[in-house]
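What follows is a pair of complexes built around chain A, which joins chain B in one and chain C in the other.
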Partner chain A sequence: MPDIHDEDSYEPHPKPGVSHLDYAGEQGMAVEQETLVESDVVKREEARSLWGDAWRDLRRRPIFLISAVLILLLVIMAIFPWAFTDADPRKADLVHNYLKRPDWTDFFGAGWFGYDGQGRSIYARVVYGARASITVGICVTAAVTVLGGLAGMIAGYFGGGVDAVISRIIDIFFGIPLLLGALVLLNAFSTRTVWSVVVALGFLGWTQIARVMRGAVLTVKQSDYVVAGRALGAGTGRLMFRHILPNAIAPVIVVATIALGGYIATEATLSFLGIGLQDPTISWGIDISSAQKVIRTAPYVLFFPAAALSVTVLAFIMLGDAVRDALDPKLR
Partner chain B sequence: MTANGASALGAVPEEVAFAQEVPRGEPILEVLDLVKHFPLTQGIVFKKQVGAVKAVDGVSFDLMKGETLGIVGESGCGKSTLAKVLMNLEPATGGSVRYKGEEISRLSGAGLKAVRRNIQMVFQDPYTSLNPRMTVGDIIGEPFEIHPEVSPKGDRRKAVQDLLDVVGLNPEYINRYPHQFSGGQRQRIGIARGLALKPEVIICDEPVSALDVSVQAQVINLLEQLQGEFNLSYMFIAHDLSIVRHISDRVGVMYLGRMVEIGSDAEIYDHATHPYTQALLSAVPVPDPTARESRDRIVLTGDVPSPANPPSGCRFRTRCWKAQERCAVEVPLLAAPSWLDGPARHESACHFAAEREVGQSAAEREVGQSAAERENGQNGQGGTGPG
Partner chain C sequence: MPEAARARWVLAVATSVVLVATGCSSGGGGSSSSDTSKTFSYQSSEPQNPLQPANANEVGGGRILQNLFRGLVDYDPSTAKIRMQVADKIDTSDSQTFTVTLKDGWKFHDGTPVHAKNFVDAWNWGATTSNNQINSSWFSDIEGYKDVHPAGGQPTVTTMSGLTVTDDLHFTVKLSNKVSYFEYKLGYIAFSPLPDGFFKDPAGYGQKPVGNGPYQFVSWSHNQEVVTKTFPDYQGVDKPKNGGVVFKMYNTSEAAYADLQSSNLDVIDQVPPSALATYKNDLGNRAIDAPQGAIQNIGFTLYQSDWSSPDKAKVRQGLSMAIDRDTITKTVLQGSRKAASAWVAEGVEGYKEGACGDACKFDPAKAKALITEGGGVPGNKLTITYNADGGHKEWVDAVCNSIRQSTGVDCTGDPKPDFKTARAAITGHQLNGAFRTGWVQDYPLNANFLSDVYRTGAASNDFGYSNPQFDQLAKQADEASSVADTVTGYQKAEAVLPSGMPTIPLWYYRTNSGYSTKVQSVMFDSFGNPAWTQIQVKG
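Moving on, here comes the complex of A and B:
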């Protein structure tokens, strides 16, 4: 086959009888085998990586689609609440007291979900309340992922004494119930804003991520490609962030997504207990708290913020579940 | 080589030391009495050492420039630990490793990084030794990022493509991920990564044992071809005796952390004098059924003793048919036995080193066959030929 030389100018030692697809230079039966693999590879060229596979898998899951649409809606609501309602959530007009029931004909209007005890539009408060919940959820998750991820990475990578110290600190934090710890911490703030809640929850919540990260790093650290990196002379930073982190991050992302819903619920719980956010911040937790006084006469005052909270938490937990299933190759 | 340029300028002292050319046939890597013990500890807070797994326990050999030294031995005999200690991936407990006369086993920092340029490794499993999150271009280009002096930044892509070319892969595959390749192709990528820094020594830790037999031959041939092209010295660890014989100039046999016999491939395969080597060779599958019937297999009894508590004296004595009281007391030294002549006189750590008819050549097989037929005389169906 003299034409091979022209086709494969990059092949330094072209062997006769070797298909031009076959750069491995196999002969006989092995040629067919290798060629098959080759064409297979060409066909699936772009679509095969853990995240690529996960994305293709996710797109076909109704649970993921529903939760993603809900979360997208909530995030837009948090950023541009005025796009959803003209009403001012802080305008208390006692003409509309809580006895004024939801008006289903008033689509997206101030009276759609009725008015609360101070005559404020419940619909507007539900829309504006999304911002506090989403901000707390996303910021706490970001904080714990960075903090916990770093702690877990350091503990898992260096091992030995460093690991022992970090692991014991994690154990101590695990001993503190999240709610009790947050109560104590938030009491120290004279005025509590969204950011004080973020700091408190972030300070108490990083341990979960740290444990997951530590376990993942311990597994990945053993793998041959990390040893190969060391054999090449790679430094600690390169090994950590180019070799270990990209291969250890998947379980952390899953745990973080599921935990995000939990942080939103915790924020609402703290606000309900009067130790989280304070008026005039608009939060579902505060509204649920103030609604309990009128629950028998006007249950809808409680219902709408509670429903919004439940749907939000559910959406994030469902998203986390879907991502976990998609990233776990054993379930595929 | 850049190393020569650096030595001319006298900029980096470590490289000056390594830049001197070792003539072919001179030792490039000298290993003397290398020891690696993994401590066994008890207690959680107050750890105390209760013993040690003696994975490598006093191994000495030289690796010559341009040669291939095969290391064979069964699982758990310390072959891979030996490779890791030589690569400085595990700190040595004792002994010395000299590269071109320089002690390297206690190096760290810049000195170690300089040595890493000259000694590289090819790993056993091509499915786990390549980072699945990096493209082939990133994997093979990483050595250049770590050692920027080897290749200037603008030339790196070209250098990576040249390396892919050298190992027989299409240079256009540079943006693909490892999972898009077959096992043999992945091992070529691993070899390309090892070659990137233009090392002089490559330690191959069972580089083909995870591959299909058909692909094994290609990778072995590639390694041999590269050795000629780049004047490489290989330390080739394997448990497949026939592959080791094919590729090696010299062969060392390990048992329980010790080197028991070392010599040229003909000396080891045709004139083995250590009982363990003889037993290993007798277990090599023979493709010819008639020869298989006639050959004399040594079946070792018992298990390999624990490396945490190896037998006294000769480590093989618990499974050896030649063992006597002397073996339990006196550790046999790895030296050429004075009582043997010819090719049988090579380094062998046995008090009773002697040749035995195993791993027969074609002429010897004829003799062995007729002898076997005489033994199986009553059956009359022992062999096919008239003998």
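Moving on, here comes the complex of A and C:
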């Protein structure tokens, strides 16, 4: 991450908005001394940005490392599921595999986790189910970040009437419970795919980001370097995206990362209720839903997709926590 | 736990000893006393239409109506034979004109007497196009039906010429054709009488029905419950032994089963697939496994251009042969069904095993060949629409997997949230391809499984199937001089179905049900209904 203030040396060491929090972290005195020295000598090349600091901080956190490895694994699983299993997740063999128990000797094989009530390999379905969850999580997060970020930026930057209108719209959307709203919206789709779920959750989920963004922009807007930039004749677009955005984005990233896990869980909930993803999409939520019918005779059919879902949601929430701690040590 | 159970058992014995000693009856079951004033609850689903007798061809409304109304005849729950209710006798000499004699003393729940004109008015009203009754074609045998229910446009009259009231207790029915088994049909709920008040406010009576059956309507909380109570003036042969039925609406059979186990529900419709493997253990002697005159099919949207061409019959035969019925009934359905080989359910008068022929035998190679020969499934994709509240997902998925793996046709299930939504989509022709369809007998005769489903324009012909040869054979069977000839006639008509394959027969039903510890003497008939009036609620 490059130093965001390299080109704009109105203030050699800006402490606007959230970014100053970085310097009051657990390193305490040491950091402050370092910054003192830094600002005295004005060694800009060595000056560490918020991002540089955050990265250094993250690298040392086991929680971050564990969740990052898990997420990397899940992403690879979502992109190349066939690298993890030879079995076809849709192949059903009722004659031989109906509710067959897990066979641990079949290490990484089709029968490793057993077979479900349709005679399908549970392991293959767990692997192939990652794609729907990861896609929904990442796409919804991207959608709400762009949508909410833009709305929050416009509201915070322009203020006044624009702010009033956008804030009221945010209030209205905030009043709609995500799950309930998604139920209603998804009912309108005759065939539901990953993309209809993304659209529904993105449409309903952007308000939180918008609020966070608006607050951050309001703080950053007051900074001297923004005022200076405006005085020097910088246009609205330049001010917004070169000066304000880089300094206001940190809390948005924190909120978005933590929310990502929540969106995956929401997708699974919707699919479980039969209103989210549909066959032939392979989704942990759908598999959990059908597993409940045989829970008394074959609990392993429920266990594996449920465990996969839990691990994935946990990984993203842990990542979000670690990122928040790194970017905003005051909340630690 | 055993101690608690023993304590209660001792208490029950003590109570019955006291009752016997004081000369009180301890009820038919004999195991413990019953209280005839107590109600019991039954698992139901929200009726699709207002509660008008000719407006229910689904179980949600039908089961409620058959308790609120009694027709001329009904069927004995233990033998499935016809027995007289409001009718004293029904006479005919030519199988075309029937003279009905009513018993005196029958009353509606509002106190007005049940007279011949109540039947005649009700049938006329139910048959008339402008009243939009879903079962109006049930009256199509009666002379003058075409005047009140023309093929297109509005009717010119509102009474059928075939119905004549002689006096309060006599009326005659003249049919446009000979229907040897017409009497069998009269037990169907559409032939119920209606009180005079109904015709002034049919919509209001649809929400608060007034009938002449063993139970009278108390309240209807939509999507929650319909409450009924025993009608003290009921004149039928099956006097209620309980205080009423509460129909509780459930969206899933799992929820109903959970409520049954916690005794929040007394009698269920069917145990959910998740409990089939264990319900006999769970419920012990309160479990029920009885044969049922019902069949599960996959219907096709023959009214769509995709499926209407004659070649597509081969595709449907192929799809049928791609389904491994035996394995699915044994595994996914856990023995709760029996693989079908005909369109008429097993145990029904006129059932002919193997009527479907090779088309109902699992043969993946031949299935694939037939589908190719017929030009393939449109888009190589098949969608089977079903209602998600009936425990159908497992077998629809299994059928789809079987079809996909045998033939490569990309088959998927399309769940609709509840039965009402699914039925509305089916009857409104808003589907694409295939859908789950079932047939529970209205009367235990093969004619019912064929005439009312596959005839051109029949009430439950949701497929748009029309075959002149079938219609002709059905007509001949109806005109036969005896019920026995009718049965063989309809067997001939059934033999026409494999060539067009309007539906794929899957399997015959069994009633897998159970009841709570609060009730006893629960018996299910071949309709899959409990003998409502005979259920005893423990005191």
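The rule is simple: the second predicted complex is superposed on the first by the 277 of 332 C-alpha atoms of A that agree within 3 Å, B and C clash if a C-alpha of one lies under 4 Å from a C-alpha of the other, contacts with A are read in each partner's own complex, and residues count from 1 in each chain.
Everything that follows uses one rule, which is that a contact is a pair of C-beta atoms (placed from the backbone, for glycine too) under 8 Å apart; a residue touches a chain by one contact, two chains touch by 3 or more.
Since this is a predicted model, take the numbers as computed values, not measurements.
Q: Once the structures are superposed on A, label A:Pro280 by its partner contacts, choosing first (chain B), second (chain C), both or neither.
A: second
Q: Looking at the overlay, does A:Asp224 come into contact with chain B only (first), chain C only (second), both, or neither?
A: A:Asp224 sits against chain B, while chain C stays out of touch.
Q: Who wins on chain A residues touched, chain B or chain C?
A: The partner with more contacted residues on chain A is B.
Q: Contact-wise, after the overlay, does A:Pro62 reach chain B, chain C, both or neither (first, second, both, neither)?
A: A:Pro62 sits against neither chain B nor chain C.
Q: Pick one for A:Gly233: touches chain B only (first), chain C only (second), both, or neither.
A: It touches chain B, and chain C stays clear.
Q: Of the partners chain B and chain C, which touch A:Gly160 in the superposed model: first, second, both, neither?
A: A:Gly160: touches no partner chain.
Q: For A:Gly175, is the partner it touches chain B (first), chain C (second), both, or none of the two (neither)?
A: Touch partners of A:Gly175: none, neither chain B nor chain C.
Q: Should A:Thr297 be classified as contacting the first partner (chain B), the second (chain C), both, or neither?
A: After superposition on chain A, A:Thr297 lies in contact with chain C alone.
Q: Show which residues of chain A lie in contact with chain B when the two form their complex.
A: 10-13, 23-26, 29-30, 33-34, 37, 41, 44-45, 48-50, 223-225, 227-235, 238, 242-243, 246-247
Q: Could you please specify the touching residues of chain C with respect to chain A in the complex?
A: The touching residues are 254, 272-275, 277-278, 324, 327-328, 331-332, 388, 393-394, 397-398, 400-402, 404-405, 410, 412-415, 417.
Q: In the complex of these two chains, what residues of chain A are touching chain C?
A: Within the complex, chain A contacts chain C at residues 90-92, 94-95, 98-99, 117-120, 191, 274-275, 278-280, 290, 292-297.
Q: Quick check on the complex: what are the chain B residues that touch chain A?
A: 87, 89, 112-113, 116-117, 120-121, 123-125, 128-134, 142-143, 145-147, 165-166, 168-171, 176-177, 179-182, 184-185, 188, 190, 193, 197, 214-215, 218, 225
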